[in-house]
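Multiple structures are listed underneath, in structure tokens.
Okay, so chain A shows up in both of these, paired with chain B first and chain C after.
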Partner chain A sequence: MLEARLSQSMVLKKVVDAIKDLVQDCNFDCNDSGIALQAMDNSHVALVSMMLKAESFEPYRCDRNIALGVNLVSLTKVLRALQNDDLVTLKAEDAPDSLNITFESSTADRISEYDLKLMDIDQDHLGIPDTEYAATVTMPSSEFKRICTDLQAMSESVTIEATKDGVKFSCAGDIGNGAVTLRNYQNVEKEHTNVDIELTEPVSLTFSLKYLVNFCKAQPLSDRVKICLSNEVPLLVEYLVTGTSYLRFYLAPKIGDEE
Partner chain B sequence: MARTRASKGNDTASKDKAAATSASQSKYTISAPSNNPPKVFILPMKATDGARIVSLLHPRYAKPTRYLVCPETGFYEFTRITAPKSTPRSWLITTDDRKPQKADTGSEPVEADASFGTYVTNGAELFVATPIDPLFLILPTLIDPSSKSEKRRYISGDDHFDRIQQESPHLWEILRWGEGRVRDLLEARLGAVCDTVDAGDERMFRFSEDKLTAEVLSKARRMSTRTLPRSMEEKFVVKPLEAPVLGVKRETTTTITTASTLASAEIIQDDSSNSDSASGTPTLKIEASESGSSISLTDSSTSFASDASTTATSVIASEESIAIAEALLPAMVASPEVISLQRLRTAFNFICSSYVPSSLVTILQSKLPAQPEADFGPLDTYLSELNRLKQEAVIARSAGDYTRKRVMDDEELAERAEKKRKKEEDDKRKKIGESRGVRDLKKVNTAGMKKMSDFFKKKA
Partner chain C sequence: MPWRKHWVDPRIDADDPALLRQKLERRAYEVWISEIMLQQTRVAVVIDYWNRWMEKWPTIHELAATSGDDVLAAWRGLGYYSRATRIHNAAKLVCEDSAMKGLLPSSVDTLVAKVPGVGRYTAGAISAIVFGKAAPMVDGNVLRVLSRQLGLLGDVKTDKSVIDLLWAAADSLAKAVAEDSCDGEISSTTEEQISDRPGRWGQALMELGSTICTPKPDCEACPISTSCRAYGEGLQLASTRGLAPKDIQTTLNPNPLPDIEDSCDFCKPFEEVAQNGGDEDAEIVPISKKTNASRSKARPRLQRQATLSAFFTQSNESKETPDSVPTELTPAGLATIVNHAKKFPVKVVKKAVKEQETLVCAIRRSDDRYVIHRRPPKGLLAGLWEFPSWIIPEDCENTETAYKRAAELHASAVLDPTLKLQSLTHPKLKYVSKLGSVPWLFSHLKLTMHVFLFEIKCSKNEFDTLPSTDDRWSDSIETESMGTGMRKCWDLVREVNGD
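What follows is the complex of A and B.
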């Protein structure tokens, strides 16, 4: 039996909105530590990993492990009815056919209740090891989104080059080429605009911009984004949700002849 | 709308009622079907008034069967002719009332006229009586399971007939007919297949397998002097002797030829292409002259040989042209002798399978080759040659016939349609549950990008 009540209901909506453009159906794995999700896109070159910790919910109760197989488009349709200040409650039985979703208006004069049919989804779980990345860039999420969308107009892939001077996003396309370079930047008054670059060795990797732009749909979740790079391993793009809950995207780099 | 329907309903109901009442008041009543409906027979003119239908043991199937026996003219078997099930027919049987029927069957009073009116029979069965050699009817009496030919003793005709007394109850009856003429007839036929000895005033018989074989063979010979009935001739004489058409056969020989030249060409190709074409040409020419082929074959093969760098496709092309050029000539034609032998064998087998007890058939088949006047040698050589040709043709066809597709039956088609429908439905459902972002990502060029499973290993 699962019962999870989330006061910051918009988090759920934003998470689902961010994932739904990458994967179609996925399992929400619920256990006593929280609700987790891991899924790959159709081409299996990108992976999304979400963890909503039990602390994010109040209250949270999950007696045994439950996999909620959900079509994200359907879930989006239900979450469309969610209003800004609503409290959302997820309920499911131990072997559920459907997921019960309740929206309570904070003024408690309206309760909406939805039952979402679940499906059986066969998914492999990949073990993701903790990695020491060669370069970690923490920057405003809106900045990252802007760079990605701007460069997408020029080319379909971007080369991210991290050196001690800064991080350079460059691309070359049919109409020409372009590059955006960010340097370390500290602003004590507006901390969320800081750009932090931690580097152990220089890295240069190329990625599909379509995928990166897709990851940026998670931008409303957080005003900070962490980008981790290392040679020969997937790029990690992490958005912190609330507390230690996170939404992470992994993307395989483009190797070999570019374009 | 509803009203019209209602009125119509009433209409039909009343009609039904009318029909029902009229049926019950029918002018004519149909009498119950007769338990013993009349049958239609065609009897021979020459059969005398003393002829009767009796039950005798069928020689082949060892069951009591009806035969027409006439003390003067012999035995007749009945052949039943029926209309096929698809076109049911019936007889209308009437008697001519104007002429009073003569009581023509001798002593037996004709009970007909009173009870025998006009009939419509259910099935249009027709029984035709045709003469049968009484020899066949006494064949079962000759089977003595205990005996080998050396140990067989001479016994009297009566003792022979005794053997089937149980199964053939009417036999003793007919033996007394016509002041023993039937008996004389039977004993005479018995003599035809037995060694005989006169012991006093009684004749003793001992079954001779050789004599029976000769007798059946002579019957078969008489049967096969003219062509057999058409369906029989078609199925047992023409078809088995038919050879595969020459086109197929020639194809096989050319494949062998080209294959061998290709092989030789391959070996020599390492040396030089000049010597290759030089050695290739004579081989082909020899083969061509051996098979006594037309100019077209030589032409195509030389053109093939002149091209040193021939590819496999051109070989196939030349083969096909040969096949077309010489198609539809049978590889072998059966000589009249072979045909007549096949006919004789067919007739012999036919007689054996329809009139001779199965235990005797095996004996007859084994004795047949020993018969001096039946030399099936030419037929056998022809058939073995034919068999070889057919096998070759089959091999050639299975090797070259890659265009023949398997024919699907209805069930498979239905299954496939069902699968397709399911898949379409599945796809449709998937499309609905797919966001625009997911759809767009499908178009992304992921070349050069490794799969996630290459980086992260699966959890157990």
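What follows is the complex of A and C.
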């Protein structure tokens, strides 16, 4: 059986909010290392990969692999009742019909308990190869969100070009074109505003802004975001949740037509 | 669709030849009218017209006996008015002919030869649907379906050799369908078998073309995709892109043929098609005509959204399928197929529509009658009535005053043709005002009609007979057989009259 208690309960709510527009139903795969989730959007262009490590919970117990098939809209409804400082506990049997979710207020004077019905979900699991990315950009998550929404006003796709000079987000639309360039930036006092670009070779790739803007819904999870690029492979956008727990998004690039 | 009825099986009425002949005559007439109406006109519109037509003239004899104006009036609003005149003339001819006596011929060749206005399409439809013969009927929809089925990348609008090839294919299909008898056995008799199968088959093919195999086809829903060459090619394309399983059954030869593109006289090479905008990926944003902004050179090339399956492996099945081949057709694969099928048949860049301006002169007499003019028996809106109109030549001065003067001269010439030569206006003609302009779009012509109102101050009965026999006075414009565009002009006139 599963029993997992999370003191930073808002993490759960923020994760679900970040992915519920991309994925409707998905399995939370629980095992002794933690709770994982992997799902693609309907068009198989984007993939969400979440890992909440066992260390993020206190206590965490899961003896056998359990798949919790959850409708994210329903889970959102339950999580609406969650208060900021609440402790949240997830409980499930070994072959569960429902997921038991308990909220405890920080002063332990209020306990609410929900049972969410589960479903059987047949899911394609994709093996994601370990990739040495040619470019890794770490920047404030709010900055990334701003760039994506600004450029989306002009075009439906953005070309991300990383060179030794910086990373350039450019787009061309019917009304004209636009670009935002970020350079390496270090501020010792405000480290969260840093822009770090690690580069082994220059890359240039084009992506759909609709999806990128969707990924930015994870911005409340973390004030930093890591973007990894290599030519001709999907883009990785990673938000660290707590410790080494993460929420990752992969997005297939737009590629020139073969004909 | 009210014209779809059960097939008149001659075996059932074999003992009563007179009744059978009557049934066939009526059925042939119904199908003929429906097929002519359906050319260039949408089904929803035709239904009403057809029902009213059949109520008015239930048989071909009644149609033959009526007046040409009545026929034109019943056709009003359907457009391509020469169709109505041709039907009427043909009805008269068929009824007067000593051999036909009102019954349309059953064979395609005789239909085309003897009935004016019936081409090979209508002939095929009548022959197959009514008389149960193995005749092909190929409309624009069928041309599209068959060019996809055969993988014929040709121009089905203007290239005669391509059109003939598709007709020949349709003919073989109709014959094959006719030979399959209902119990599945191939009939051995050599004499021509008749049945409802060719007609049902032909209509099914047209229906498929109008509902599923449309310019933007729904290949997923198509019942005959397994025999479709365009689908097969698209599937192979999807398979090479890793969007479809490798071992999927296609109609294509597994051993690719040597490139014989150059030796095919019918198909256009693909590159040429692609240049003409054949490859329309949904993601590509059309350049808005309104923005004058020049196309930036940084504008990305045509780009296609890739899916993750091309990059990530399916870990569940990784044991069975080591390479990242999906086990079934992915949505992106289907899109690739649809995109490929969309290239068939070759799209032809439309010629720019000719533009024309005409002056329309509404000439009102003091007793509220207007002059109307009958259009020539051939050409656009043949035989319909209109207000006296004058097509502005291209070299005419393009100003309001010049138009007004030209309208005055044209209106004067209606009353006295000699005035035109002397460039004089008729003393009794009074210019009232310009009422406005009516734009009207024909399939091949963009017409702008400038409407001018004139009055004649005269004593009663003066001008009763107009110099031209094609002109006359009318006291109820509403009931005249006029084109819809001219009716819009009349609306302008009525507005100033205040009714």
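By our rule, the second predicted complex is superposed on the first by the 256 of 259 C-alpha atoms of A that agree within 3 Å, B and C clash if a C-alpha of one lies under 4 Å from a C-alpha of the other, contacts with A are read in each partner's own complex, and residues count from 1 in each chain.
In this text, a contact is a pair of C-beta atoms (placed from the backbone, for glycine too) under 8 Å apart; a residue touches a chain by one contact, two chains touch by 3 or more.
Just so it is clear, the structure is predicted and the values come from calculations on it, not from any experiment.
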item	value
Clash or fit (per the criteria above) of chain B with chain C on chain A	clash
Contacts of A:159 with chain B and chain C, given as first, second, both or neither	second
Partner chain in contact with A:111 - chain B first, chain C second, else both or neither	neither
Partner chain(s) touched by A:210 [first = chain B, second = chain C, both, neither]	first
First, second, both or neither for A:81, with chain B first and chain C second	neither
Touching partner for A:72 - first (chain B), second (chain C), both, neither	first
Touching partner for A:126 - first (chain B), second (chain C), both, neither	both
Which of chain B and chain C A:177 touches, first, second, both or neither	second
Contacts of A:21 with chain B and chain C, given as first, second, both or neither	first
Stretch in clash, chain C with chain B, out of 146-154, 236-244 or 308-316	308-316
Residues of chain A that lie at the interface with chain B and also at the interface with chain C	40, 42-47, 124-129, 156, 208, 233-234, 250, 252-258
Partner chain B, residues of chain A touching it in the complex	20-25, 40-47, 71-74, 76, 124-129, 156, 208, 210-211, 214, 217, 233-234, 250, 252-258
Complex contact set, residues of chain B against chain A	430, 432-438, 440-442, 444-459
Chain C contact footprint on chain A (complex, rising order)	40, 42-47, 124-129, 155-157, 159, 170, 172-177, 206, 208, 233-234, 250, 252-259
List of chain C residues in touch with chain A within their complex	241, 270, 274, 279, 281, 283, 285, 287-288, 291, 293, 296, 298-316, 318, 330-332
